[in-house]
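As written, the chains take the letters A, B, C, D, E and F, and residue 1 is the first residue of each chain.
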Amino acid sequence: MEESYKSIKIEGKTPNSRVIYLYLNRPSQRNALSREFFTEFPKALSSLDQNPNVNAIVLSGTGDHFCSGIDLKTLSSVTDHTTSTDRGRFSEKFRRDIRFLQDAVTAIERCRKPVIASIHGACIGGGVDIVTACDIRFCSKDAFFSVKEVDLAITADLGTLQRLPAIVGYGNAMELALTGRRFWGLEAKELGLVSRVFGTSYELDQGVRLVAEGIAEKSPLAVTGTKAVLLRSRELTVEQGLDYVATWNSGMLLSDDLKEAMSSNIQKRKPVFAKL
Amino acid sequence: MEESYKSIKIEGKTPNSRVIYLYLNRPSQRNALSREFFTEFPKALSSLDQNPNVNAIVLSGTGDHFCSGIDLKTLSSVTDHTTSTDRGRFSEKFRRDIRFLQDAVTAIERCRKPVIASIHGACIGGGVDIVTACDIRFCSKDAFFSVKEVDLAITADLGTLQRLPAIVGYGNAMELALTGRRFWGLEAKELGLVSRVFGTSYELDQGVRLVAEGIAEKSPLAVTGTKAVLLRSRELTVEQGLDYVATWNSGMLLSDDLKEAMSSNIQKRKPVFAKL
Amino acid sequence: MEESYKSIKIEGKTPNSRVIYLYLNRPSQRNALSREFFTEFPKALSSLDQNPNVNAIVLSGTGDHFCSGIDLKTLSSVTDHTTSTDRGRFSEKFRRDIRFLQDAVTAIERCRKPVIASIHGACIGGGVDIVTACDIRFCSKDAFFSVKEVDLAITADLGTLQRLPAIVGYGNAMELALTGRRFWGLEAKELGLVSRVFGTSYELDQGVRLVAEGIAEKSPLAVTGTKAVLLRSRELTVEQGLDYVATWNSGMLLSDDLKEAMSSNIQKRKPVFAKL
Amino acid sequence: MEESYKSIKIEGKTPNSRVIYLYLNRPSQRNALSREFFTEFPKALSSLDQNPNVNAIVLSGTGDHFCSGIDLKTLSSVTDHTTSTDRGRFSEKFRRDIRFLQDAVTAIERCRKPVIASIHGACIGGGVDIVTACDIRFCSKDAFFSVKEVDLAITADLGTLQRLPAIVGYGNAMELALTGRRFWGLEAKELGLVSRVFGTSYELDQGVRLVAEGIAEKSPLAVTGTKAVLLRSRELTVEQGLDYVATWNSGMLLSDDLKEAMSSNIQKRKPVFAKL
Amino acid sequence: MEESYKSIKIEGKTPNSRVIYLYLNRPSQRNALSREFFTEFPKALSSLDQNPNVNAIVLSGTGDHFCSGIDLKTLSSVTDHTTSTDRGRFSEKFRRDIRFLQDAVTAIERCRKPVIASIHGACIGGGVDIVTACDIRFCSKDAFFSVKEVDLAITADLGTLQRLPAIVGYGNAMELALTGRRFWGLEAKELGLVSRVFGTSYELDQGVRLVAEGIAEKSPLAVTGTKAVLLRSRELTVEQGLDYVATWNSGMLLSDDLKEAMSSNIQKRKPVFAKL
Amino acid sequence: MEESYKSIKIEGKTPNSRVIYLYLNRPSQRNALSREFFTEFPKALSSLDQNPNVNAIVLSGTGDHFCSGIDLKTLSSVTDHTTSTDRGRFSEKFRRDIRFLQDAVTAIERCRKPVIASIHGACIGGGVDIVTACDIRFCSKDAFFSVKEVDLAITADLGTLQRLPAIVGYGNAMELALTGRRFWGLEAKELGLVSRVFGTSYELDQGVRLVAEGIAEKSPLAVTGTKAVLLRSRELTVEQGLDYVATWNSGMLLSDDLKEAMSSNIQKRKPVFAKL
């Protein structure tokens, strides 16, 4: 965690807490996603994934906004292969660049531990790509969202079109992606994009902290198992998903955590689980 | 129907009605799911499926609650293979045990006839597994739900992680499964987990009965066809699903029920359909 | 556009607008879907798809209703193969007939340009099949919907059972399809079936027009790309969908539209995009 | 059948036979695939599909070769959008062009009736795309094949990469597609690309005729059913495919053809089936 | 094993051997599949699956043939619903009947232990359905096969069309299913339908016994794991299949069998594995 | 390329050649796969993938054998978590370890450039996992293969069970995996596991070199495109695969390589393609 990043910031807040805070940290650019971000973000998530002291990750933005989307400079750098005179080679290189950017967002899913998006202010374009890859989303009332790419004459390509339909329904996803319209926290809740909406940023912080701490105190085996199984079952039939989770639990269900959960339950005390 | 069960109870309520009531029936244990349940429940559903006098099934709980989840004794019996000294054989046996339990829940989907969950009081853990496999869900305002497994240090493995996302959206499913938090009838309605919420248990009973009777009076061919096609299409592409239903209807659409529906419509009378 | 249709009507409303209006046009039969409709509708959509002056299509109904479903005469004509004495050949022919009808509805998805359903009055049976294939759905408060087929003793086979679950959730889709119950505009909004509900038909017209014009002024490359990628990703895993959109954009992102979007943005003026 | 085509030719050979012969018919260009071909071929197949006198189709080439692949002029016409100055619009149009060409090949699968490829001489590039979409492939010993596209610096895009692996195995398909190497009839048989190889063109003709006549005399319901079910099952799980064929046969198995097959069997005579 | 069956026969051959022999046992009808077979066969397989003394199953036929296909009486009984006057109800019932028959064949896959088909003489129609569901297939030179259904005017519906393509390639499967032609042992080997072909029935018996005993002496955990993982991976992407087997092995790899395999290897002795 | 590896070795052989040779390089252990291998191999492939001077990779083994499978020490290290007293945590960690090992093999597919396996001597267990992930396989007559895991009481988990069925057919894959039997070069060719078999190791070297050089001189855009599209289409339906390749080629077909291929063709000279 001592590693220093430019585009992001990592912080613990409470001693002994297993919750860690990861901030998009370019407040002067409304946390626009820079080239560096796409390298640093997956690196940070991978390191948090391997850190046994971390059970849950809160993803937030410093300053007034969560994220204003991809940095125009980043976009330009990506599209700057135009110097290549070969149409085919340009496309081949460009495709790999997009895959690279996508991969940084998918890092959220590769991380075994739950990532909770705490959203205030703008959550635009690339910001939506990021939060749809998170496991839980909370926001404040003043948060506003837009699948903005269509207004930049771009077909969104960092994950929103793939992940949003399962979250808000296919019809809502199409409408939001075709219109690019702005919507606020309360509607985000109604649509199912966020699970809870808070009156103020302060309340959002408190609410997120409470939930994150709650998850961090649960069995890390069960928490990471739940995330993994839900993610994988998303693309399996019900029958295949049932087989998968039965196979998963054949090795993992019978754990010290299960015993601790049961005995603490009987003893009417809070369970304490080992690190993962 | 004369068969006697220990963990469940089957009742007709109105003479000549094609609605049957199946109760989880261990009220003193808040209808916790016993070992017996996992044998009796699929057996009962299979027999109701073959009973031509039954067109619709209401699933409910006796006493104050719908279902408090899997019985701790059942859980213990499942995890009790620890006497086996072979890690591999334990897992192999354990996996089959989980598959067996899952199968009892999936019996709801194997039953051609619609199963309507009528939920009051607690619907916890295994209870959620069961209701997500039902075709329609109604509840009273005081019903409360929890994807509780995570608090027992368990990755839920009886179907909730596979079926809930399609019902309440992927984002909501993840939040509910990671937090295990309790939510009540009104929120269940908002999330789409139940189709309607009623003020009292009495109103719930009346409402469920009305809807169940309504379905039971419709063409059983069309009702079972609709359930079968929706279930299968859940795992097919739209194009594959369209092909499937066209193939289905090529043999089944032109039925006596269609004629009866049409002529009763012209004659402005209630249609009467033969048994299935 | 000069072509004349019997069951539908095509109209531009504003000079230079790239929005076109396609009406179901048998108001005296509450726009019931005739045999002709199933030939004319896909033909019209295909021609609008190829018309470079059209960027967005509004689908609506003349008279008091959007659509009362399939014409009983059409249904009879379909089921009229009973004259065939061969059970097998009847089914084979009947299956192809259903596929043909389905294909007319799927024409909405084959059309690259977004189709916005503007729904007032009745939207019943085949009307629901049609609107679930549309890209955006708006309605007035007095609009009412019903997945009516079950009451005709029919398993719905023109697309509702395949497309509705992704829009309103699997649970809601099952309940609506099994009960066939009527629901109104406000509930349609709550369910996610429509994106917005308007107080009156007049307001609906205004609202739809505004949104349609907004989309029609966006980059047609980005709009059709968004529709195409969302449709295809619906049946791919997230990983496959990400690969698909990266491949798509490798050839299409770097366009004149992107340059226009960027420079108009800098120049703080409205972008003007070439036809597609 | 009276329709006259430029790039293909359609012939019956024996009176009362239900076998029809479709020839690629530009022998002076070794049956290279012209622009016209891509319009005429699907049109011809669709018309043969609807012709009740046709039960089986033999696809062959006039002159010394089956098919030397896509005409360079066609290729140039496709790539000629370079006049378009917009990179994005070029790609968008180009993609639709490729889809159009693909569609002409897929017409073989859309045709309900079996298409038997009779291959002699060259079967190169586009020729391989075509034969892999056929239902049965026979060739003479002197037939030679090449997945040639890689030598034109092209990733094959008319179907070979999608269909060949299921026919010859994934490993063989990769080797053939990466090397573009030529292989002859006997190896084609060994690889499973053709079902039989004949010593001479004459023997090929005789052999194909015999098999085609044999199929044409079978129940057209069973023959088209077998083709349809195999095609659809190719993309379903075994369980989904079993469900599909059971549903198919629920309407179609019990036919006059079944009765005729059974009674002719008992009477030890050749069955005679009605047209489809 | 003491249970007595009419259509099949179960035999051990060598004391202490973990190989069991299951015979189709109606030699006078060339082992045609009777109604009873479809009940007894899955019952027997399920009981062998649970029998810890059985590690491998050989499936063979008594008398001169393996299996001549479905009994005409069985077929008649299935199609005998024609007494039902309702076309729709007939199809609904008929579909379930076919599903029931299919299920008896799929019982081979549900059995955890490998089933080795030992084929001599006729293997026709339903016989092919059965052997394609087996795990290993051996035959004698005089064995002959035919996907015969097409000659009975039937689209094969007990599994051949679903399983054969993965075994012999899609092209060969289509040719065999459309022509229904007879082919012998040597060609079956060439096509990949059988793994080995033996000169005589006696050699076949010896060869099968050797292989079956060999498998029966291996770790039953590894053998059943290999079967289960191959079966499941058949319908998963490579990535999903890799995840599945890793999850499987996380609980099952580290077993007493692994230790025994390793220590016996070091001690250069034959391993002895516990029962499963 | 200057990087030095312990378990592998990388060599160019001919100046200016775009073929590179990657050797498994622990000849004294018959190239058993060490822990180091699983780190070095993917690293090497990734660096070759990015090296513009490399167009094709030959994978071979130094010494007398290709690969004798996973090192027993590696296996022990993997299974050594037994020190962990928590059954659940052990499985969780173990699963990740297997995923890590799998990932090293899948690196062959992630590499855009074709990897040609040149196999002599033993190719056992992990060796089969590796070669089934390669794009082309050649071997000498004395090469011998075994899906050996079953004899170690292990369900093979590094890819063979996922990739072999598509290469040799599902039936052959099951037989080889259940018996673990040894088979030689000629049978490997018959099964489709290798594309060619050579009499001696020397001839193998010459043959592989010729093919590798041939591929390396082709358009790298077309070669990498062919690999990418075949890999992706393996898990898509034919229709989805056709869409994918059309989208791919919309950006990449029109390249300098296409022009060079065409003009060199007209000028009857060897084409020279730019690096990728």
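The definition used in the following text is that a contact is a pair of C-beta atoms (placed from the backbone, for glycine too) under 8 Å apart; a residue touches a chain by one contact, two chains touch by 3 or more.
Computed from a predicted model, the values in this text were never measured in an experiment.
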Contact-richer chain pair (by C-beta pairs counted) among A-F and B-C: B-C
Interface sides of chain E and chain F: same vs different residues, half threshold: different
Between chain B and chain E, centroid-to-centroid distance (C-alpha), Å: 34
Intercentroid distance (Cα basis), chain D paired with chain B, Å: 47
Chain F, residues touching no fewer than two other chains: 87, 91-92, 94-95, 163, 168-169, 221, 225, 234-237, 239, 243, 247-248, 250-255, 257-258
Chain A - residues contacting chain C, complex: 72, 79, 82, 90-92, 94-95, 98-99, 102, 106, 109, 149-157, 159, 161-163, 165, 168-175, 177-180, 191, 234-235
Complex contact set, residues of chain A against chain E: 232, 235-236, 240, 243-244, 247-248, 250-252
In the complex, chain F residues that touch chain A: 85-89, 91-92, 94-95, 221, 224-225, 251-258, 274, 276
In the complex, chain E residues that touch chain F: 114, 135-137, 163, 166-169, 192-195, 211, 214-215, 218-219, 221-223, 225-230, 233-234, 236-239, 241-243, 245-255, 257-258, 260-262, 265, 271, 273
